[in-house]
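A, B and C label the chains in the order they appear, each numbered from 1.
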Amino acid sequence: MSEAESAERSLFAAPPMGEQERMVEAMLFATAEPMTVAELGQRMPHGCDPAEALAHLRKRYEGRGVHLVRVGDGWAFRTAADLGHLLHKETVEQKKLSRAAIETLAIIAYHQPCTRAEIEEIRGVAVSRGTIDQLLEMEWIRFGRRRMTPGRPVTFVVTESFLDHFGLESARDLPGLKELRAAGLLDNRPLPGSMLQPEDDEDAEEVAGQSELFED
Amino acid sequence: MSEAESAERSLFAAPPMGEQERMVEAMLFATAEPMTVAELGQRMPHGCDPAEALAHLRKRYEGRGVHLVRVGDGWAFRTAADLGHLLHKETVEQKKLSRAAIETLAIIAYHQPCTRAEIEEIRGVAVSRGTIDQLLEMEWIRFGRRRMTPGRPVTFVVTESFLDHFGLESARDLPGLKELRAAGLLDNRPLPGSMLQPEDDEDAEEVAGQSELFED
Amino acid sequence: MVDAGWEATPAQSVSERLAAEALIVDVDGFEGPLDLLLTLSRTQKVDLRRISVLQLAEQYLDFVNRAKALRIELAADYLVMAAWLAYLKSRLLLPPDPEAEGPSAEELAAHLAFQLERLQAMREAAAQLMARDQKGRDFFARGLPEDVTRIRKVVWSASLLDLMQAYARIRTKDDFRPFVMDRHHVFTMEQALDRMRGLIGFAGEWTDLASYLPDGWETDPRRRRSATAAHFAASLELAKRGQIEIRQTETFGALLIRRRPEA
């Protein structure tokens, strides 16, 4: 096909797959944030198939220094993990997360959507001020739907940046998730008779005052 | 060369050229500035040949969506010139929303549908026209139904793009005052004794401006 | 799950005693009673599913007693847990009461074991999560991103935190407003006196004081209270001046007033 012919064709049909692959490659290379198939499609000429282009591209980058990875609904290029040692100089010092914050994050990730009262029930201690705050600020968690129980408590879920940070394709890929579920450890099992800990948010708030003493 | 032989060799010699290429690829991908051959070499294991790795890599990216190009003394990945139109490159200026705007937005989000008079009552100061206009222009708020009260005032509600920007599924999922307090988001409130301290500049400026004479 | 056949505390070795003392000194290092229980459970060296809750309750109560002896102040929720474990222990040791309602001691013990296992599982999950390759440490995003977002000259930025803090600031501003009496719902005696002076001329018959309340002040309880008090005080004043008579037939009954015939 001559150049003139191909130019003419492109007026009517979608560009060839090789071209589409180049386009997706250019767009994903240019951005640090993951892009969804729909976002890619919006920028491409009519009739393109970004999903297929992604599949080709992913294959092309297998085993290379950068990989095409899936992050939630989006796609992004990331350097191969085995080359991290070459790149440490780029690291921006990360704020150190407290043990309470790490546990809270894990509980939200594995139990999401998850209320504050549920986090407190699992950890057996009130969530200290600043813990949820810090995770929200890092954009690792966000508000989910309110729970349709008395008090309609807010829930928390993990974000796409959380998945991106930990190299997870989706929350279903959390390590050990299946085993935990099979062992019944992700069930919401209330205390029989509920004499130990109040369940609803309001009471939890009252507890917050004192048990903060134990954090950090 | 058998596998054992190559493993043995790698203890003493530089990694194979394919590996070196991966290293250069990852480094140039992750760096914000172009890197010189010397800089690449410093991070690579002893005995590597970054110039040769660059040459191979450059060839590999020929005709692709991104190219390996020379920038001054260094090397960097750049989008192929013919695909620039996909990226809409334009300098984007990030500005922080003014305090008046964010407060108005917060009131609309929490009280929607909400009239201008209601916003003013809650804020305790008049809302300047520019503030509402700005939020409308950003497409974070839009007009809701007219209120069926005398004067049939227009109401404001938040938009889908507002929810999108703030990562919310619905405005109902915003935490209530009590929950904000429990999450430690109210800790920067002023102490009763600090009434005389000037509020922050932005607001003071605006009060000086004009309509905010109505403060009680 | 509950080892009912568990016997009296075995004599502790010196090293175990030292370890127990170290635990107590480290009380600030625990993130609440459940964390402490989890730590204590490790001394049993069994799978959490087969842990002896009775033995654990003993260990915990022993811990609390030692802390008391060492005059270490334990926070309230440690003591709440101690009280609950003491209750659970007595329930586990006594033969079950067939009359008793609610969950059995075994169910309560099983739930505690579940809580410990779940906390342990979450800790392990958190550790696994943090051990993963992380962005910015093990793998990296494009270092020189070009803008692929929509064309817009100015992008206004505001985070959810900004939004919520702004709202919180507005809503708590009132808490710190200098104290001013809210006069909106207050009817003064002077106002009532003025009103009644004008109206009393028409009150030849006994009339309920409540019927004197001005329009708009009879329904809202706050306003009604204020207006009633003002009108009552005003009618006492008028009675003192000999202009009206007041009558009440029973305690808390209606207050009736009329113009003094000779006035």
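One rule holds for everything that comes next: contacts are C-beta pairs under 8 Å (C-beta built on N, C-alpha and C of every residue); 3 or more make two chains touch, one makes a residue touch a chain.
Predicted model only: the values in this text are computed from it and were never measured.
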Exercise for the section: State the chain with the largest centre-to-centre distance from chain A, centres being mean CA positions. Expected result: C
Handout entry: Chain centroid nearest the full-protein CA centroid
Key = A
Problem - Centre-to-centre distance between chain C and chain A (centres being mean Cα positions), rounded to whole Å - result: 33
Practice task
Determine the centre-to-centre distance between chain B and chain C, using the mean Cα coordinates as centres, and give it in whole Å.
Solution key: 37
Practice task
Between chain A and chain B, tell me the centre distance in angstrom, where each centre is the average of that chain's C-alpha atoms.
Solution key: 16
Fill in the blank from the handout: The positions of chain C in contact with two or more other chains are 140-143, 146-148, 159-161
Exercise for the section: Name the residues of chain B that each touch 2 or more other chains. Expected result: 26, 29-32, 77, 79, 86-87, 167-168, 174-175, 181, 185
Practice task
Flag every residue of chain A that touches chain B in the complex, lowest number first.
Solution key: 21-27, 29-30, 43-44, 63-66, 77, 79-80, 83, 86-87, 89-90, 116, 128-130, 132-133, 139, 142-146, 153-155, 159, 201-202, 204-205, 208
Practice task
Spell out the residues on chain B that touch chain C in their complex, using ranges where they run on.
Solution key: 26, 29-33, 76-77, 79, 86-97, 99, 101-103, 105-107, 109-110, 122-124, 134, 138, 166-168, 174-175, 177, 180-181, 185-186, 188-190, 192, 195
Completion exercise
Interface with chain B, chain C side, in the complex: residues 140-144, 146-173, 175-176, 178
Fill in the blank from the handout: In the complex, the residues of chain C that touch chain A are 28, 30-35, 37, 75-77, 80-81, 84, 102-103, 107-108, 111, 114-115, 117-119, 121-126, 128-130, 132-143, 145-148, 159-161
Fill in the blank from the handout: chain B residues touching chain A in their complex are 21-27, 29-32, 43-44, 63-66, 77, 79-80, 83, 86-87, 167-170, 172-176, 178-179, 181-185, 187
